[in-house]
Amino acid sequence: MTKLCSLSEAVSRYVQDGDSVYAAGFTHLIPFAAGHEIIRQGRKDLILARATPDLIYDQMVAAGCAKKVIFSYIGNPGVGSLRIIREELEAGRLEWEEYSHYGMISRLQAGASGLPFFPMKSTAAGDLERSNPQYRRVIDPYSGEEVVTVPALNPDVAIVHVQRADAAGNAHIWGIIGEQKEAAFAAKHVILTAEEIVDEEIIRSDPNRTLIPEFIVDAVCHVPYCAHPSYTQGYYDRDNAFYLDWDKVTESREAVQAWLDEWVFGVKDRAAYWEKLGAEIHDRLKVAPLMSTPVNYGAY
Amino acid sequence: MTKLCSLSEAVSRYVQDGDSVYAAGFTHLIPFAAGHEIIRQGRKDLILARATPDLIYDQMVAAGCAKKVIFSYIGNPGVGSLRIIREELEAGRLEWEEYSHYGMISRLQAGASGLPFFPMKSTAAGDLERSNPQYRRVIDPYSGEEVVTVPALNPDVAIVHVQRADAAGNAHIWGIIGEQKEAAFAAKHVILTAEEIVDEEIIRSDPNRTLIPEFIVDAVCHVPYCAHPSYTQGYYDRDNAFYLDWDKVTESREAVQAWLDEWVFGVKDRAAYWEKLGAEIHDRLKVAPLMSTPVNYGAY
Amino acid sequence: MAFTASELMTVNAARLLRDGDTVFVGVGLPNLACNLARRTHAPGLVMIYEAGVIGARPARLPLSIGDPTLVSGANAVCSMYDIFSLYLQRGNVDVGFLGGAQIDRFGNINATVIGDYEHPKTRLPGSGGSMEIAAWANRCYIITPHQKRRFPEKVDFRTSAGFLGGRAERESSGVRGGGPQAVVTNLGIMEPDETGELVLTALHPGITVDQARENTGWALRTRGTIRITEPPTTEELRILHEELDPQGIHLK
Amino acid sequence: MAFTASELMTVNAARLLRDGDTVFVGVGLPNLACNLARRTHAPGLVMIYEAGVIGARPARLPLSIGDPTLVSGANAVCSMYDIFSLYLQRGNVDVGFLGGAQIDRFGNINATVIGDYEHPKTRLPGSGGSMEIAAWANRCYIITPHQKRRFPEKVDFRTSAGFLGGRAERESSGVRGGGPQAVVTNLGIMEPDETGELVLTALHPGITVDQARENTGWALRTRGTIRITEPPTTEELRILHEELDPQGIHLK
């Protein structure tokens, strides 16, 4: 059954004010186009969860979409700070809940598994555990020692960008796979964006590559270049210059607003955004092919 | 660094009397050749753990290698009973420890993760939990409800058969992947057997396909047809006639001993065993190719 | 027109499936039933196998739960840990099929031992995945021949939860699934009543209530008017014999 | 011959790695140090990135921890859950590199806030993976410039465990890793003594003990004879500048 629709429809249908949202992807496949669409549709009071908020949540916070962030690392990867989120946190204008990467990912893993919590070995550091009451402890019933726990995270909606999917939502992902699968299984609704919509025979030719199966997916959106300025392995490179530029843009709120006006509100969708980036950037982000060696599944 | 050696050397070096052994593979990639080599080398008092003991453990128990089995389903898949293990259990000559599939796999997952236990939701069935004191309970610190726990399983040695590996032990697996990765990470030592030893460039052309990385592997053995009478996806079919035959062979202990004499002690290694099976069986188990569609990683 | 026990059970099990159901499939009759449903009224059925295969499209009759034909052409393959946690425990499975050596009055299943657990008279294969399927699938169906020894008042060992000591006990246990919804036998269909007790609700053509009672280990009650099942249609039989089990491996 | 701070730190960090080590690598100087070690005395170094990349063979200088060049040609890629559980928590990581805004006398690290947690003066990025790396890697190394504000007596927030209040406290906590083994700065190297306190054990050529003391927030003690580090060799500098960071992005 096809679930193809525009990203605008998908956001309109599955992202409501006040929802908890997990836009997945650890540095790779970050669904920027979906974040921009959420900004364009003016969503408010969202709870934005991501291990690494990255620029996507900095932009959404700047646009006033969020009341809270849940994270484990709020940096601009390879550059420095996320100035907007940092300023909002320092000013007490944004709620937050903080974990380590492993704590954050364990929350998703519990949510995806249908478990109420996940255990982790103690790290002895202590201060974050004391600062966040969601960190708790249980006694290992075998050794009698304490393990640390985090509660399941079950976002209202997960947004997952993938390289290729069929119209029903079976999705192939490769390269860094971060927490894509866990976020999709943990969430109540899943919006899938894909660089390519392919025939189901392509997907079925390599079922071990399918990390997300159709029946947990609500909407499938064909959104080439969705991940810019992050990247899609094999499709285009990370736009590092953009990450450096954002650091400058966010030195002033006026510049941020101007940027949003031009690049989010000023374009109707990702295709227009990509077009607007222009040939020079397109060229700079191109990557030469490097193909995997196929495997034989056998015609049983 | 190459870890290539013969299966005979690998078993001699890494499987000792009294060891706990996990020969991995859920119906697929079962390392029969390694089981036979363990029989040939006369190992005793092994603790044999597997979700589904399958014929491999029935044969090892028949040969007197085991003092205990740990399992979640002791059937001959698609056929019926595993007569040898069943008789030994009924006669009280074999120790055992029993779980459900999920309990068994959760034990491995805990062992692989370095955690002392893993939680599962209650299934309410109760009797197995009461019969096996390794099942315990902890209170979910969020809801106050009980969850069931099983302790980590960390076998002394895991034996994992794969389609292709490089000489250092980086391994590609596809088709049913069962608990191969978890068994390898949980174990203290890992013996890898492979249908093909390939150049590392083949492995590196598709890193997402690598379920087992070299640095947890102790020995890499080139053993084509290692999995017969189970199968290797894309390489040969399951020998269903063998599974049906074993049911008949095991009607008498004399027939079992004769089988072991002929097919285990009577051949020096898997190459000789495969040769002895003969052209008719080779032909029957052949499979036509069905290749995966390659993916583009990009030459970054 | 007479039907074999396996034909009757398979066709009636297939009819219990709904289009769009996600089914945890076993080999044998449940596999035939699912493939029959997919070829008739439920083209959108998603078939999941405990070996970790999702959306299988087997080109031949799978002979074991891990048959390679299930993998080639499937939508997805995942690890056993994932299939039990992300799919089953998470609540992504609508229907599970179960069998067992004994099924009792409240639909509890024994697949572990006949006799005492420590010193069994007969050692059976054990739970495999059935403990979790019985607990966490939204609906469970049991397919089994109707014999007195298979339907005792109380199972020797409770491998998988039906309604435990009654529906209220299952509900208070907090397990997510709805428990057994029907037991399809060669004589008819039993369904749980409001207390969770299995009562006779349908008979296959030509079978009597007494025959069902004689083959049940507890005082089998009936509910309302006993429905007579529709006989297998020519088309259903054709699909079973020509497309699904041409060698007659499961349909004897 | 004078060396820049980043050259000194990178070369001295590289020399702490042993052939065959499995290293959890960060971007920036640790990445340069690992690649330098692999091209000199430690060809068997296995580089793991928290993004889930194992045995990376980057063709260019990775600009972020998730750079696609880390993936193409790597030995394996796995999920974040797997990298933290199967690799780090399981004890498969020999070496972790750490940094932070503050490192205290017992090697505890603050990467979370300056000031009060609820009302921070400066909000820093937070733990990321460093809480687990500091706890579970067999050996940890810290690379950071030597400045008084970076080396307070006690960190404002203990993001990652060094020796806590002293070596005995870390040992009794039961965490598996050995804790910080060395802090490499632009002035020299500090190592923990038997109590877990960081003491000065080496100075780079031309640096004095007093310079190190002036730039440390506690009364920095020395241990035995202070070793003078070997200056970066021509070959080390050549590899760094020609092969690893030709554009001078990290080596300023």
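Each chain gets a letter, A, B, C and D, in the order it is written, and its residues are counted from 1.
The definition used in the following text is that contacts are C-beta pairs under 8 Å (C-beta built on N, C-alpha and C of every residue); 3 or more make two chains touch, one makes a residue touch a chain.
Predicted, not measured: the structure shown is a model, and the values here were computed from it.
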item: Interface with more contacting C-beta pairs, comparing B-D to A-D; value: A-D
item: Greatest separation from subunit D - chain, by CA centre; value: C
item: Length of the line joining the C-alpha centres of subunit A and subunit C, rounded to whole Å; value: 40
item: Distance from the mean Cα position of subunit B to that of subunit A, given in whole angstrom; value: 37
item: Separation of mean Cα positions, subunit D and subunit A [Å, integer]; value: 28
item: Of all residues in subunit C, the ones touching two or more other chains; value: 53, 67-68, 71-72, 77, 85, 89, 136
item: Subunit B, residues touching no fewer than two other chains; value: 114-115, 120-121, 145, 174-175, 177, 181, 208, 233, 237, 287, 290, 297-300
item: Topology of the chain contact graph, where touching chains are joined (line, ring, star, complete, other); value: other
item: Pairwise chain contacts, counting only pairs that touch as defined; value: A-B, A-C, A-D, B-C, B-D
item: Parts of subunit C lying in touch with subunit A, wherever the complex brings them together; value: 22, 44, 46, 53-55, 57, 59-60, 67-69, 71-77, 85-86, 89-92, 136
item: Contact set on subunit A toward subunit C in their complex; value: 1, 112-115, 170, 181, 185, 200, 203-204, 207-208, 210-211, 213-216, 297-300
item: Subunit A partner contacts - residues on subunit B that touch it in the complex; value: 114-121, 136-143, 145, 147, 149, 151, 163, 172, 174-175, 177, 202, 205-206, 208-209, 233-235, 237, 287-300
item: For the subunit C and subunit B complex, residues of the former touching the latter; value: 27, 50-53, 63-68, 71-72, 77-81, 84-85, 88-89, 108, 112, 117-123, 125-132, 134-136, 157-161, 164, 170, 173-176
item: Residue ranges of subunit B in contact with subunit C within the complex; value: 26-28, 51-52, 71-75, 77-78, 81, 86, 89-90, 92, 98-102, 105-106, 108-109, 120-128, 131, 145, 174-179, 181-182, 231, 233, 237-238, 240, 243, 287, 290
